[in-house]
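We just call them A, B and C in the order they show up, numbering each chain from 1.
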Amino acid sequence: MLSSMLVSGLITGTFYALMALGLTMIFGVLRIVNFAHGEFYMIGGFAYVLLYHNLGVPIAVALPAAVLAGGTLGWIVEKLLIRPIYAEFGGRQQGRDEYAIIVTFALSILLIAAMTKIVGPWSLQGPRLIDGPPLLLAGVRVSPHQIAALGIALAFLFGTLYLLNYSLWGRQIRAVAQNRSAAAVMGVDVGKVSTIVFATAGGLAALAGALLSNMISPSPDVGAFPAIKSYVIIVLGGLGSPLGALIGGLLLGVIESLGAIYISFSYRDTYGLALLVLVLLLRPNGLFGETRREV
Amino acid sequence: MSAILQIENVTAGYSADIDILRGLSLNVRKSSVTGLVGLNGAGKSTVMKSIFGFLRPRVGRILFDEQDITHGRPHELASKGLWLIPQDGGLFDYMSVETNLRLPIETRRAVNGLSRAEIDRRVADVMEQFPILQEKRRQLATRLSGGQRKLLEFGIAHVQRPTLCLIDEPSIGLAPKVAEEVFAHISTLAKTGTSVLLVDHNIRKVIEVASYVYVLTLGTVSAEGESSVFQTDLHGQVKEWLGINY
Amino acid sequence: MASRVSSLRRPAAPTSRTQLLVALAILAALAPLPSLGLEIYWQGVVITSLYYALLASNWNLLAGYTGLFSLAPAGFAMLGAYVTALLWTYAGVEPWLGIPAGAIVCAIVGLVIGVLTLRLSGPYLALTTLALAEILRVIVLNSFDITRGEIGLQVPALFAHQSSYYYMFLVAVGGFLIGLHWLLGQPCGLYLRAIRNDETGARARGVRTVFWKVFAFSVSSGLSGLAGALFAHYVIIVSPSIGHLLVTGLVMSMVVLGGMGTLLGPLVGALLVNVSSEYLRAAGDYQHIVFPIVVILFARFCREGLVGRAAMIFNARVGTQARSGAKATEVLASP
């Protein structure tokens, strides 16, 4: 029982981590929280489901298209709404925070409302990646679809982490996160990096939305909880820390799944808040925080 | 001697109605150190920011190697052979000393077309020149002391072999002995063919290292000349330029 | 440094007595409408607008004056409403005790969240309040045996006539704005504004920034709870929809549209947004599409909001008159 709960917690946690990774990358590079992150997830889920059901696009095309939709949205949002932050506020963090919170929160509501107008308030279940009889994995019954979704999520998760740490591209992103002006001096186009990071984050969240669309059917407001969980995770892991997003995601998945059996299933979404309070109380910089508490 | 950098009549500031630089003109000579001194608030750091594209001049133009770079963006200037050692924090704190040395030159490999062997050679050169960096190559930059950080920043500049290096207040916060070492490295940079624009509060040291010196007062040049001229009666002259008791 | 200079050019009179007088004049102009035959339906719209004006002014105290961003104004209103509703349902506590109890519970929750998050610099308050707001809603929805979930709890009405609620909310908004005006003139009001402008600087000058931030957040949370509890006894049914994030979105758009950091802005914004919401809802539920767009455009191109912009134009004209030798009255002088 315990081991099977651990496994199912780790599976859920992987998808959480996928969302939180993009969010923490955005925070690292731009020092802002994207409060519309759940809507990238939602757009990914709907792109996947609608392409498959309404246009008959095969899954092998619909899934990359969903990632692309999230990435494109991230690209546009950064260019149109986030870019002015650096042009207008200079080094003034307060003005930047105000603008970022207001604009991304408004964007989140706008995207939910617009999607409700377009497809209605209902939820639509996404297709399975592969069909087949369930398998037993460490005592947990998992469908081949879940295994495939998990595999893709893991590949993207570790692929992104690998690139961030070992590729020139990733090192440049980390350079911008650590020292924006020094990165510009050495020849990195910080504006372009910000756009790329936003697009990557959008794509990763959209991927999570598409992969989970069979288990959690997308509706316009489906993104709220995945987003709140990724906020908890990035605080838990340390704002701006990619490794922290991974560990934090897995940890939250496991805690929720343990809480679901030992405390109460219907309140499983609330354990994140308890965890958040504990982290703020005991280790406010998070597990892997690189950021200083006071600038 | 011809100029590598010409600043012509530049006016710049951070908000629309306040000018920090007011019709500033100065030249940086090739392969030598040009000094820039002035009181706090005279606009020394603003000059650096304007040259490197962090601040757009409202009026005037800036020429680098006879090319107009007035509206260049920072990352474009880097690839033209400019380099900046800022007053505080030119390092990536959570990367190793070696990554700090390598990342900038590797970033610009697409532009400068250097071979990997050449990069390795330059990094090895710097490690030899600064033994402390060799010793701490695997450590995170955040673990270095203030003096070691400054040396690492000079090491990184050496790896770039820039045409023009802007150095903003290199000795601030350093022990006198370390400051001596830093100024020695500035001379070395100039000897290896890099032109340097040096800003520092230590007027005496600037005049010692630089071949030509500008005095900046309220955003414009109030005096200039060969540094040898200033060495004779520094005291009197400084008093006169700055209107203070030095 | 640049922005500090430009922030000096923001509307010069944030606590201006003129703004308070205009706000009170608007409330006074609304007062006789029920007796002049304003339909019951539109009375309801005005009451809701005034409820929103309370939430918006409250949010403005945080965001506009102190620079703190809470994403739980609606969440605290819901909490306040449920405290009085639960007390009535399970302990038979009368509203006149239940309403203040709601405010106190919210102030305490605000105090705890404030202590946890406001010691830290960073976006912790926004993140935590968003999580709190949504998770409170989940708890209410899932605790069906106690809260009856989406169906909601019935609470007693305070008055027999709707017009009585109308006057109650008019008085509440007027009282709140007078109180806020007074508070901003006190040393503590200056501390709050100093924190928004330059927190490090404020601390360097001896302002106990964490204490005042926690104080502002706790007071504001309590007042949001009070507004929610009052509203509960007007709508009679307390349901989780009071705390929906969409409500927080509307509150935010009222403040951004009216003008952050202006006394009058939230009231103007609340009336504009809520009344036009009626038409947008009738046209096909467009309000949650239109207002986010308005918010983004204002954040981008008109950060001072309508009232802030008006104050700037007014100040500029007074300034020109003064320069040209005309007798400038001191209408806009801050206290």
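Operating definition for what follows: contacts are C-beta pairs under 8 Å (C-beta built on N, C-alpha and C of every residue); 3 or more make two chains touch, one makes a residue touch a chain.
Model, not experiment: these values are computed from the prediction.
When every chain is reduced to the mean of its CA atoms, the largest separation from chain B belongs to C.
Of all the chains shown, the one with its CA centroid nearest the global CA centroid is A.
A separation of 50 Å divides the Cα centre of chain B from that of chain C.
One inter-chain figure worth recording: chain A and chain C are separated by 31 Å, centre to centre, where each centre is the mean of the chain's CA atoms.
One inter-chain figure worth recording: chain A and chain B are separated by 41 Å, centre to centre, where each centre is the mean of the chain's CA atoms. Multi-chain contact residues of chain B (touching two or more other chains): 14.
Among all residues of chain A, those that touch two or more other chains are 90. Within chain C, contacts with two or more other chains are made by residues 2-3. Interface of chain A with chain C (complex): residues 32-33, 35, 81, 84, 89-92, 94-95, 97-99, 101-103, 105-107, 109-110, 112-114, 116-117, 224-225, 228, 231-232, 235, 239, 266-267, 269-270, 272-273, 276-277, 280-281, 284, 291, 293-295.
Of all residues in chain C, those touching chain A in their complex are 2-4, 63, 67, 69, 71, 116-117, 119-124, 126-128, 130-132, 134-135, 138-139, 142, 196-199, 245-246, 248-249, 252-253, 256, 260, 285-286, 288-289, 291-293, 295-296, 299-300, 303. Here chain A touches chain B in the complex through residues 90, 168, 171-172, 174-175, 178-179, 181-190, 290, going by the rule given at the top. By the touch rule above, chain B contacts chain A in their complex via residues 14, 52, 54, 73-75, 78-79, 83-84, 86, 89-95, 99, 103-104, 106-108, 111.
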